[in-house]
Amino acid sequence: MTLQIADKVFHSRLLTGTGKFSSAEIMAKTIKASGSELVTVALKRTDLQQKNDNILSHLKPLGVQLLPNTSGARTAKEAIFAAQLGREALGTQWVKLEIHPDPKYLMPDPIETLLAAEQLCALGFVVLPYCSADPVLCKRLEQVGCAAVMPLGAAIGSNQGLTTRSMLEIIIEQAMVPVIVDAGIGAPSHATLAMEMGADAVLVNTALAVSPNPISMGKAFKQAVEAGFTAYQAGLGAKSIHSQASSPLTGFLSGVST
Amino acid sequence: MTLQIADKVFHSRLLTGTGKFSSAEIMAKTIKASGSELVTVALKRTDLQQKNDNILSHLKPLGVQLLPNTSGARTAKEAIFAAQLGREALGTQWVKLEIHPDPKYLMPDPIETLLAAEQLCALGFVVLPYCSADPVLCKRLEQVGCAAVMPLGAAIGSNQGLTTRSMLEIIIEQAMVPVIVDAGIGAPSHATLAMEMGADAVLVNTALAVSPNPISMGKAFKQAVEAGFTAYQAGLGAKSIHSQASSPLTGFLSGVST
Amino acid sequence: MTLQIADKVFHSRLLTGTGKFSSAEIMAKTIKASGSELVTVALKRTDLQQKNDNILSHLKPLGVQLLPNTSGARTAKEAIFAAQLGREALGTQWVKLEIHPDPKYLMPDPIETLLAAEQLCALGFVVLPYCSADPVLCKRLEQVGCAAVMPLGAAIGSNQGLTTRSMLEIIIEQAMVPVIVDAGIGAPSHATLAMEMGADAVLVNTALAVSPNPISMGKAFKQAVEAGFTAYQAGLGAKSIHSQASSPLTGFLSGVST
Amino acid sequence: MTLQIADKVFHSRLLTGTGKFSSAEIMAKTIKASGSELVTVALKRTDLQQKNDNILSHLKPLGVQLLPNTSGARTAKEAIFAAQLGREALGTQWVKLEIHPDPKYLMPDPIETLLAAEQLCALGFVVLPYCSADPVLCKRLEQVGCAAVMPLGAAIGSNQGLTTRSMLEIIIEQAMVPVIVDAGIGAPSHATLAMEMGADAVLVNTALAVSPNPISMGKAFKQAVEAGFTAYQAGLGAKSIHSQASSPLTGFLSGVST
């Protein structure tokens, strides 16, 4: 059940975000219920001058690995600068690389992302890039030293699920680093499906934060991820077009007089 | 979390079947791991002359509610006769009504099923009919006194998932008795989805029995059902086409000098 | 390309309805553009006292086969009575049998539909029943003498397409009479898909009537149905998971000096 | 109905390929039946020394615009070299840019493709790049001067249809140059759907070439593309969950004595 990324081992395969929650307290309780051990934080959201800000002070007792993200960056240069600020502010080499020039759908830029990834890896960062579900791009991100790849299932915050499924399947088949499905996962069934397909982990934020009951939803996602991973390991049956009877079909009356 | 059918209360929302397992021992361990408390048994599979047959003797220690099914029946008359045999043999009024004249896809017969359901209810049975995902038929089965309805997600044993989703949604919306999605559920994600949609329970057999690791798969389905039910109760967010940023998007560098 | 239903031969595999159009003139022009030769008419919509009403007077010059429907009937008895009125008023034995007790989703009632179908066939009607996508029900409707079966793709007027696809495939495989996919077809691509799957025809109404340009849409559906039928007859290739290069892949530079 | 790419106007919105056909004669007849006016040719397949080779000699009488492709290129450098050979051999500035380092799924390389596109545009080529369904990449390809973008629907030759639909919708919404859906289109219904979504054109090869009746299939795709484009222009109705009756529902017997 453990997941290794770079040199760290996690017991949970559910990554969470910290945005959109109604309060930092709810956020922390939700993350705790979810079992998540790797939590992404927007740099803007943390007070870079003062480490004891609201979000961080609520996250600290959970003992999770912080994963500062570069959300808001539109170029490699901006992202690298943001990553360096995050390293200084949060004391971690880990960074979730996000570069999205388009404010409407927040689609990641493949060119700038690869450029920034290469430079950040060279600078000693542990880089987890958010990227489009592009099999060749994922291979290239891996080749420049990324610790994992984070292809999107659908637009961020859209809750649409694994709309890029056919590409995710190829990415998973070919990857030599962990594949973490990010964005679009709006329901536990999406998370279960991703894990059944062989994804190494999923990241969920909006679906938790906007639920009327985030803490319960955190628990649901924890179970969903575990269910999917267990099923993947146990081995799923093939789909068939014809029926295969689970109960004996013919002659149930044979042997008894009618 | 409890599910009430007729006058019984269950703590699990996962029904299981007993067919296709490699051994009765594996079957029993799988059912135990799944947490299932309501277990369907084909009449042919149990020895009607002698209650201590292999399947039953393995099920007994689990303390589950047995649900004899009429699999193999092609007409209402055959099904009623089978149900009566089952009642006598297994000492329970509960029956899963299955009538499928077609040996290839095992599709249930709506006419004979309604006819048999009406008569079995009149005879005092607790009737859970397997049926097509037909909203009007489900209402009619409810009206003649069925304790639940069991519409199919796909052909039995096909592992195709909720191919009838659009009809299941209408059935769930309109039902006054528990809706148990039966047939076609081939992966935990299917079960999670059914529960998220508001189904009261799901029945799984083939996906457990044919897994290389049935016991692990039993555990996976247990978690999957709980995840989906928890999410349904907590309330899922709406899907949207546009992105909704979970992290702040613009000006992440504002407030710091670049 | 011709389609035979009962003893009539049609050159079009597109059935149309007459409801919801902004005017009878637009309706007639749309039907003409669609090439449809079999047109369903609600009994209420035609003036039963006076044959030259607005709809009928616009349809007459088109030379189409009228197909009165029993829409609004909630029971077999009501439907049979309506069919008899239709026969008298429109001078045709053909009837589209529709029985839907539920006003919200207009789902057909399998029990009453089969009952009415049997009686109407016995009375000499040419019966085309609208029904749920239930393979056993379709077989039974065929066995009592229906000239075709009209399983639904989705709820009437929902434009959702072939949501019942997995069941339609079984119905098409097993049917000995024409299968006409009715309800839910909201775009030409749905019609093309139905025909590619081997359906004999489709019925479209809402998608035409509510389009800003019904006449163009009529033409689009005509082409879509023909495209799907032609493809079905020509034979479609299988889907595959792996790529199969359409252009030569390796060594495009071989033979030339680089 | 006309489609403009760069300075050329086409009367067909169906692009075709020339690979995999059983003979050049069948290929030419299929393309003619399809109405396609823009036809892609692999450089390897044409004899670069001698223009009157088999494929070209069959294409010439059709009067189509040739679109040499760089299939087989694994880097920008190889693709540029191939494009230059193609220009010389076929006497056209037009090029379909394809760079796919992975021989199994033939997924295009976003980095090398953008690099090559930029240089080819600077060299005066009319560049139509095959690319992943990545909205930001498509914008960037447009910005470096590509005459169109050709995002994939699924892996080449897989016949899986528009598996990347959610991304294609964003690409179509944002593009200022024609969007031609390429790869994966395995049935006319896929082509119709792409056009209904607002794609400007589609490219089809495998589905034509491997059909038992390529010429009929060519005709089917011609109709399918026209149907989808006509429907897009006419305006499709929205999908709804509830039914909307096309025939009057209640009281069909009102006004007549029963």
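Order of writing sets the chain letters: A, B, C and D. Residues in each chain are counted from 1.
Note that in this section a residue touches a chain if its C-beta (ideal position, glycine included) is under 8 Å from a C-beta of that chain, and two chains touch if they have at least 3 such contacts.
It should be emphasised that the depicted structure is a prediction, and the values quoted were computed from it without experimental measurement.
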### Message
Please compute the angle of the rotation superposing chain B on chain C (C-alpha atoms), rounded to a multiple of 5 degrees.
### Response
180
### Chain located farthest away, centre of chain C as origin (C-alpha)
A
### Task
Round to the nearest whole Å and give the separation of the Cα centres of chain A and chain B.
31
### Query
Quick one: chain B and chain D, Cα centre-to-centre, how many Å?
45
### Message
If a residue has to touch 2 or more other chains to count, which residues of chain A qualify?
### Response
100, 105, 155, 160, 241
### Query
How is the touch graph of the chains shaped: line, ring, star, complete or other?
ring
### Task
Return all touching chain pairs.
A-B, A-D, B-C, C-D
### Message
Could you list, by residue number, the parts of chain A that touch chain D in their complex?
### Response
100-102, 105, 107-111, 114, 132-137, 139-140, 154-155, 160, 163-167, 170, 174
### Task
State the interface residues of chain D toward chain C in the complex, per the touch definition above.
17, 19-20, 40, 42-45, 48, 69-73, 78, 81-82, 85, 98, 100, 103-106, 155-160, 186-190, 192-193, 196, 205-207, 209-214, 216-217, 219-224, 226-228, 230-231, 233-254, 256, 258
